[in-house]
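Before we start, here is the structure in question, set down as structure tokens.
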Amino acid sequence: MCRWLAYSGSPIRLEELLVKRDHSLIDQSLHSRQGATTTNGDGFGVGWYDDETPRLYRSTHPAWNDRNLRELAAGISSPLFFAHIRASTGSAIQETNTHPFRYGRWLWMHNGLIREFSRVRRELVLAIDDSLYPSIEGTTDSETMFYLALTFGLEDDPIAAVERTVGLIEDAGRKHDIAFPIQMTVATTDGRTIWAFRYSSEGNSRTLYFSTRMDALKALYPESAELASLSDETRVVVSEPLGDLPGAWNEAPESHVGIVQPGVDELRPFIPS
Amino acid sequence: MCRWLAYSGSPIRLEELLVKRDHSLIDQSLHSRQGATTTNGDGFGVGWYDDETPRLYRSTHPAWNDRNLRELAAGISSPLFFAHIRASTGSAIQETNTHPFRYGRWLWMHNGLIREFSRVRRELVLAIDDSLYPSIEGTTDSETMFYLALTFGLEDDPIAAVERTVGLIEDAGRKHDIAFPIQMTVATTDGRTIWAFRYSSEGNSRTLYFSTRMDALKALYPESAELASLSDETRVVVSEPLGDLPGAWNEAPESHVGIVQPGVDELRPFIPS
Amino acid sequence: MCRWLAYSGSPIRLEELLVKRDHSLIDQSLHSRQGATTTNGDGFGVGWYDDETPRLYRSTHPAWNDRNLRELAAGISSPLFFAHIRASTGSAIQETNTHPFRYGRWLWMHNGLIREFSRVRRELVLAIDDSLYPSIEGTTDSETMFYLALTFGLEDDPIAAVERTVGLIEDAGRKHDIAFPIQMTVATTDGRTIWAFRYSSEGNSRTLYFSTRMDALKALYPESAELASLSDETRVVVSEPLGDLPGAWNEAPESHVGIVQPGVDELRPFIPS
Amino acid sequence: MCRWLAYSGSPIRLEELLVKRDHSLIDQSLHSRQGATTTNGDGFGVGWYDDETPRLYRSTHPAWNDRNLRELAAGISSPLFFAHIRASTGSAIQETNTHPFRYGRWLWMHNGLIREFSRVRRELVLAIDDSLYPSIEGTTDSETMFYLALTFGLEDDPIAAVERTVGLIEDAGRKHDIAFPIQMTVATTDGRTIWAFRYSSEGNSRTLYFSTRMDALKALYPESAELASLSDETRVVVSEPLGDLPGAWNEAPESHVGIVQPGVDELRPFIPS
């Protein structure tokens, strides 16, 4: 459906991960290897933090031919950014349907889908808090999930909020006899911590990888100047690896959430409630 | 806010009204005289009937610089078409927010606004029928009005349905202490009849004009080959006149709806219920 | 690089070939089987004749996600049309670089490239007639070829004009030590006759197919109502077949030009001069 | 035709001049007061320096409704930037026709036109150096001027190069009996110095303003915290003032070039050669 990437660590220019890798996100927009579709050409978005304020650049053009994306990726450095390339599962190609979505200091992006979304959409939208409702700008399942998570306390306890969101979606789906209501990898952040979820109702989720701890990677590749320049806290989370460096990537287990944060990162089971 | 035009009569090329008049709709996109804004550059849309099937061309470009619009307006003839140029009152610039909106055989377009829409939006959207809800694609007040009207029976009794729609909007507005909840000129059609409404809560509505009966116009200008080529049934409804031909345009009265139909056209009071 | 399609025959809705086939042109935009690239997502164009006047709809969006294309393809019928999906070989993604190109009554589209175009571009552009020069709007090799062909008499003797054009390009290339200066399939038309060329300096050209004569196809498939509705003159020329109907498609030989015209079609050798 | 703005001085967020002033550049895109057209809605561009490398963001959307522009203008700070809003005088609406243009470290933008450009275009393009020719991407008179200036030594002696460029344009125009071949305000920069030209063949040029020396402005408004935060070297050059602050703006005289540079700025006569 889509491909995404989340970065946290030493400030780097966005192009390092979006453009310059062998299998950079722009390359994945034409040649995804592990995605549901090879081509992810229905728009893209980048969200980055600038003094703790999230900024967005989103476009309906394919990532591979958008010149502004290359300019900005070369010109902008950030210690924490999200990038997403879209393959629409049906909703319109427009900037407001393009990830990442933003609310206050939070960003959200999703790969996967709520199955038969049009049948459960109304019920899910109704569960969104009154005060949040006017901020919805698009029509995707992914943005609906974000606003449900905000309704259920994303800003206070992100994991619990996403567990309730997914629980609600599965309840709604089951009421409509939808066998496997949700398929997802999701990343969300407040600009400091990244939470990355891998889950699907059928227990067969889209791929998700965390880069290896930077100290371990540096030990593996002591001669790499590039790795040496990155802090030990640096971490990348991706739908599919950005290259073939042995030892660099670790697949997340089914039904888990990874927490990339100052200090020791964590991996926990994810159980919809 | 916007400008629009509705045509019914002898099949003509769209460019006759969109491009070639002195004060054509494309000219109005840059130089509106009677609109709330001089520039209407936030996208446009054209809807035309082709053997009773409505087709749409909608774009986020300004009408004045869209080359495809000129090509299509030159290449497409139709006996009934709508055209709309947009000046956004806040919602996103995207094709799904661009008029005319379509449902089945019906088209709908609107100039004006639901005031403080974000405060009443949820309540209004909740009143839309379950079965219609999944067809909503954009986020405008205008599309919400269309789906309310469909909910209230637009396909069976258009005037009653719009009266209920406006009644509901005014009720919702008053509950939120919004002094004048709605300002509108609206056109809707099933491909045979056009209903054109002029109304505002404050009794001071955006302008709306109906062209003079073609037989009367022909009598006024017996030498005009252009008028002679048009059937007596031909009628144009516009936000502002397309030119300065004396006797050609009649302003619709406040709180009225005009019905352009086979046989004698009608003008009736419009009373929200 | 690109994929294209040319149709001549009984008037049909464009969607019949652009949308509805198993391997329609829109399908080829995502899943080309015989092209240099699988994805052809860098814009598209359609040119059709309307009472002998060519009309264009061109867009920088991928064909697969452009809603206007589906609307127009459903709404427009024509007895002769061209359609092209683009995979840029470097020049900018903009409507003026999108095929088909138009001059007067003529359309032109191209799959392939002039190799190392930036090195020979100036010399080629200088060979374009003064009076034609101001009509050039884009920056592609393909449009340059069109204006060279017009300079060399396309409107009077299309085959000779394209032979001179290719001869000039090969001369210019050789002067710059470019081993194989040109790779092309080209279609051009005046609205009555279609000329379709297959050629490359290396003698290994992109594929080109002509549909089988309609009378022979009808004899093969006597029960097909769809085929029965088409005139015996109906012919489709394509970069790759639109489906798998046995006997329906014939590959054009290397270095040949096919002429689709009223009466008997022709196939002739193509020899750059 | 267009409006533009050039800034040099203390690093500021682009939005300070593009968005936040009463008569910011975005406001001028809808409500230009001194321009040839009120609306400048045919695209826009921003070029800024990032460690001496020029970056571009250019779009065909109107500046007033482009959300990405607001995001980037809020997120990007620079000590030297150009911004331009376009009202096309005929050439296509595409990013490659949008100012500023870039070559190496140089940026260029233009308000005005080469009159009857299509008649002199070929002659002017022929005068561009062979090695520069392949870098031309668009089709505007403005970009042609830039490449002529580069041909004539812009990188070594900008004023002499522009004088030769304008001299050539006036010669070419006179040969074709064009009364007043050129109308222009132009800004160009290498990332350190800005040269801003005001000139027209008819001696009646589009307006151009330089902000008052910052030390003088601070003396006029000793209580302004905003002014106090800007270095004495800070200078803004504009097509029309960004606000009504008395004493803040000085109109450039006819046929002059202003040089904004480290140390004392200069104003010199401009004499085409």
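As written, the chains take the letters A, B, C and D, and residue 1 is the first residue of each chain.
In the analysis below, a residue touches a chain if its C-beta (ideal position, glycine included) is under 8 Å from a C-beta of that chain, and two chains touch if they have at least 3 such contacts.
All values derive from a computational prediction rather than experimental measurement.
Listed here as common contacts of chain A and chain C: B, D. Taking the definition of touch as given, a chain qualifies here only if it contacts chain A and chain B alike; those chains are C, D. Pairs B-D and A-D differ in how many C-beta pairs touch across them, and the larger number is found at A-D. The two copies, chain C and chain D, are related by a rotation of 180°, based on C-alpha atoms and rounded to the nearest 5. One inter-chain figure worth recording: chain A and chain D are separated by 40 Å, centre to centre, where each centre is the mean of the chain's CA atoms. Counting partners per residue, chain D has 67, 92, 95 as the residues that reach two or more other chains. In terms of inter-chain touching, the protein chains here all touch one another pairwise.
Note for the complex: chain A touches chain B at residues 91-92, 94-96, 118-119, 121-122, 125-126, 130, 133-134, 136-139.
Residues 30, 38-39, 41-42, 60-62, 64-65, 67, 88, 92-93 of chain A are the ones that touch chain C when the two sit in their complex.
For chain C in complex with chain B, the touching residues are 48, 50, 53, 55-59, 67-68, 71-72, 74-76, 95.
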